[in-house]
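Listed after this line are the structures, all set down as structure tokens.
Each of the next two complexes has subunit A plus one more chain, namely subunit B in the first and subunit C in the second.
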Partner chain A sequence: MNDMRLTERAVDSKDVKIAARKVQVFYGETHAIKDVDVDIDDKTVTAFIGPSGCGKSTFLRCINRMNDTIDVARVEGDIHLDGEDIYNPKVDPVQLRAKVGMVFQKPNPFPKSIYDNVAYGPKIHGLAKNKAELDEIVERALRRGAIWDEVKDRLQEPGTGLSGGQQQRLCIARAVATEPEVLLMDEPCSALDPIATAQVEELIDELKQNYSVVIVTHSMQQAARVSQKTAFFHLGYLVEYGETGQIFTNPKDSRTESYITGRIG
Partner chain B sequence: MSDITATDAVPSAPRKGSLLEQDARTKRRNAAETRFKMYGIIAVTLGILALVMLVVSIVSNGASAFQQTYITLEVDLPEDRLDPEGNRNRDQMARVSTFGYGPLIGEAMEAQIAALGIEIEELGNPGDIVSKEAPAQLRNFVLANPDVVGSTVTFEFLANGRIDGYMKDRVTRATALLDKNVSPAQLDLTDALGEAGVLEKRFNWAFITAPDASGQRPEAAGLGVAIVGSFYMMLVVLILALPIGVAASIYLEEFAPKNRFTDLIEVNIANLAAVPSIVFGILGLAIFINFAGLPQSAPIVGGLVLTLMTLPTIIIATRASLKSVPPSIREAALGVGASKMQTVFHHVLPLAAPGILTGTIIGLAQALGETAPLLLIGMVAFVREFPAGPPEGFFDPASALPVQVYNWTQRSDPAFVERASGAIIVLLIFLVIMNAIAILLRRRFERRW
Partner chain C sequence: MNETNHIQSVFDRDLEAIQAMIMKMGGLVESAIINSAKSLETKDEDLAAQVRRNDAAIDALEEQVNQEAARVLALRAPTASDLRTVLTVMKISANLERCGDYAKNLAKRTSVLVQMQPPEGAATSIRRMAREVEGMMKDALDAYIQRDAALADEVRRRDHDVDQMYNALFREFLTFMMEDPRNITSCMHLHFIAKNIERMGDHVTSIADQVIYLVTGEMPDDTRPKGDRTPYVNMEKG
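Up next, the complex of A and B:
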């Protein structure tokens, strides 16, 4: 909304967290992602925008190897996290996903208590030695998810009983509870009303202090509001990648301009 | 978008027909809908009618099996006839067969008639109204308690099947005239004994606890062995089919790659579910009895055959309930770094559990009512001995509830009609209980997301 000051938004040059080179994704015969090169910075919010079916979610799911769960999906090319190839056969996707958390489009809390939702990740990764430590981790995660005050009195109630916005923040808390280094968000606000969206966006802004956040969004306003860097995908290609201010005010590619001004998409 | 060019003028007449009357097309559509509803109501009514007729006919035929006529007699047990040696040695006393005990009952009956002052002509042997089971019952008692010889003991004997039939309005004086097993005089005696309170009809626990009896003694036939046999088989099915079925479904649904081979397995499982059950009986006969050498008529073989038959049902139900767990739950678990197995066991399986349990219970209920394969593996045999306790009992001969029904319907004595219907009632009660448990489990553990 108030994307008037975009050009003034400073982007400090930061370390590269994720480096992707010549990434190709195939779904069976379909070539969904073509030759994507991108460097994602640490402690930055990077937004992926583009029309439906352009491959932005697919690319996002490559970063924590969620595409592995789809039988027909095949990924080629290199993606490096802190200089390590995540598609190296030695890499166990389970360990990778502990480092690269994910928040999904639809809030998907486990049908368990709020406490168990958040505690599940730390438990399976053995992050807590005892109950007290686990309690602490859960509280910290829920605070970071900006939902602690709303749920602290009813931690044993089912997570599915919360409102949509609360559920999504619970899912974010669940994702940060395992202390990831990267947080992937696949249209986290598409199922939320504007108030919940604002809360989640505020949260994303805080999260970038500690994490590298990658967010896929359909809302260009949202991309402009929360991100420092923006990548525009179209028909499986990464068309343009740069600082958010530049992409929205002075796109280099004509396709980006068309999309931003609403002529394609 | 906002092309609101509202004019004050309201159209004076609708352009195309009035909304207040239906046009021909709408009328046709509504008529079709009404007709369809009628078909549905007719179908449901027919179904309910069939169910009501089934229940009414079974209950009206079978309810009387739970009542039985008993005669109370005081029987003298003279030493000179039961223990000629006089030393109460069990083995020597056993030389006196049931034929030696039969007359004692006749005499006790005569004494009872004399004591009550009943006089009936052409009665013949009054002991005939007592069941043929009675001498054996008396002999077993005496052999178990040799010390009672020489005293007088009060006994409750089953009445003969025809007398029992008379008490249940199955036998009348008109039919008794044509029947060589019963005479009108015996019916008169029955009335007289009934008035005196010596003969009475009451609830028949023996129907549920006693073993089967021969075709001559319908009044003594019970479901005990069949219930135990069915229970053992259900145990075998549960122990084998549940883990195997659930493991197979989890592997196929969650882990197996989707390729031609797994497609083939899938198709075969679906086909197995439709294989006639008697084919499983032949398979069981060939593999478990002829090849593996397991005993005939044993619940273990029945259980194995029924396991084969139930597995496809359980696998299909389990896979359906695993499929119905939303993929978002799996993604959520994988997203926080759970392994595939953790995802399945921590999240997917608990959510699918009610469906799995329901499928299992329905599979068990199906197996409980299955007759055809059991006929082929010899469970149709006449078994009077109770099988031992598990696990040895799994290898002892036993019967099964549906087979017992089949068996009884083959016998000529009309008293077995009520027995068979009574057995069906017991079977249906078990099935209803199992289905009720399935529904309760589903209600209790069903989660929404």
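Up next, the complex of A and C:
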């Protein structure tokens, strides 16, 4: 029976990439994330959904220690990447962020050429020995970002001159240039039109061959379309976490049901 | 089930409208079952003709349910219990439509049987069987509207009684036909009628299954007793 499942929806037992236990986040006095336990699988797209202010973005930012940059933010609990505690004082956040890439809501290319946007990360992390190698990395990243064909003849033009959808794919190419293992995406399509959204979603599906992708989205249809696992956050709690098909056809928690069916919960 | 309303109230109205169509269909099919069996027993050809005419309204409603369900799927992208509501109305409307067809077929055979001398008491037994199925259908639809999985489960179990009635009639008709070959034509018609009512029971059971799926998100395990023993009749008699 299981053999008949649509392959792209199949959730096989994958390795756990990120394991979070009893994670708490405080912004000053505000308790933003409460007791979150979650295992995020490798080579899988995991969607975080929930109403505004539920903590999904905050939790996402814990995974590459982006909350370190906020003075009043305090993170407790354990988050392990491949079994290693990422909040260990010995871990360099800059190195961590090379392994755990991030794509933001609004495309934010550097005010530099298309080439330099992608080459920047590999350069500072010393991933290329010479110009030829760097060229190769840039081309590979732009191909993975599904934008190579559109920009290969104008690599020296500014990245900011591209359309919104192209800029976002450039940012994804930039994020994958450092060969990350995890890709965090915070509402990557909310500033894009439906066609650009479809292109980015197609790209996300391809990226999951190599990466563990975690996406925060306000569009439940997008979560349903791109993810294999879905986590529903509400008031700082992780309410329900499971296979996406199950969450959208038969959620176990009444709060999840209220949210995804568009009822006042 | 979720009792609260959608933020978009028009979504609630869409879902309510489809379910109202199902209820209307259910009402029409119930009276088709009752009236067709009554026409058989009372040899009322006018009533039989009326049942045959009314089937068009049932078919039209099924068409309408399917169109509305497709609209809701396309426009609202329902999830969770909303999705299950849409999926179940589509299946239930198909079940009801089939039952309507069986009732129409019963009414057609009534028009033939009034010209004959069917064995004494057979039409009364058939009417009792039809009444049982109609009662099950009423309860299955009540269970649907009230989201009552326990009542739906009870309906599933009652299908066994219908199967028993059919088994008894099957043997009875067999006996009549063996006794006097002149009974064969009428008994064949009566047997088809009994078989069709037995099939209606299966469709009602399927409606009850849908109610359980709607409420729990899981199809029930198939543990209900299977009552139709007629495929083995000759083997049992030896």
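Just so we're on the same page, the second predicted complex is superposed on the first by the 255 of 265 C-alpha atoms of A that agree within 3 Å, B and C clash if a C-alpha of one lies under 4 Å from a C-alpha of the other, contacts with A are read in each partner's own complex, and residues count from 1 in each chain.
Keep in mind that, in the parts below, a contact is a pair of C-beta atoms (placed from the backbone, for glycine too) under 8 Å apart; a residue touches a chain by one contact, two chains touch by 3 or more.
Computed from a predicted model, the values in this text were never measured in an experiment.
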First (subunit B), second (subunit C), both or neither touched by A:Thr249: second
Which of subunit B and subunit C A:Arg174 touches, first, second, both or neither: first
Touched partner set for A:Asp71, first subunit B, second subunit C, both or neither: first
Which partner, subunit B or subunit C, touches more subunit A residues: B
First (subunit B), second (subunit C), both or neither touched by A:Ala224: second
Which of subunit B and subunit C A:Met102 touches, first, second, both or neither: first
Residues of subunit A contacting subunit B in one complex and subunit C in the other: none
Partner subunit B, residues of subunit A touching it in the complex: 64, 66, 69, 71, 94-95, 97-98, 101-104, 106, 108-111, 120-121, 124-125, 160, 171, 174-175, 177-178
Residue ranges of subunit A in contact with subunit C within the complex: 220-221, 224, 248-251, 254, 256-258, 260-265
Contact footprint of subunit A on subunit B as seen in their complex: 257-258, 326, 328-339, 342, 346-347, 351, 447-449
Interfacial residue positions of subunit C with respect to subunit A in the complex: 2, 4-8, 11, 77-84, 217-218
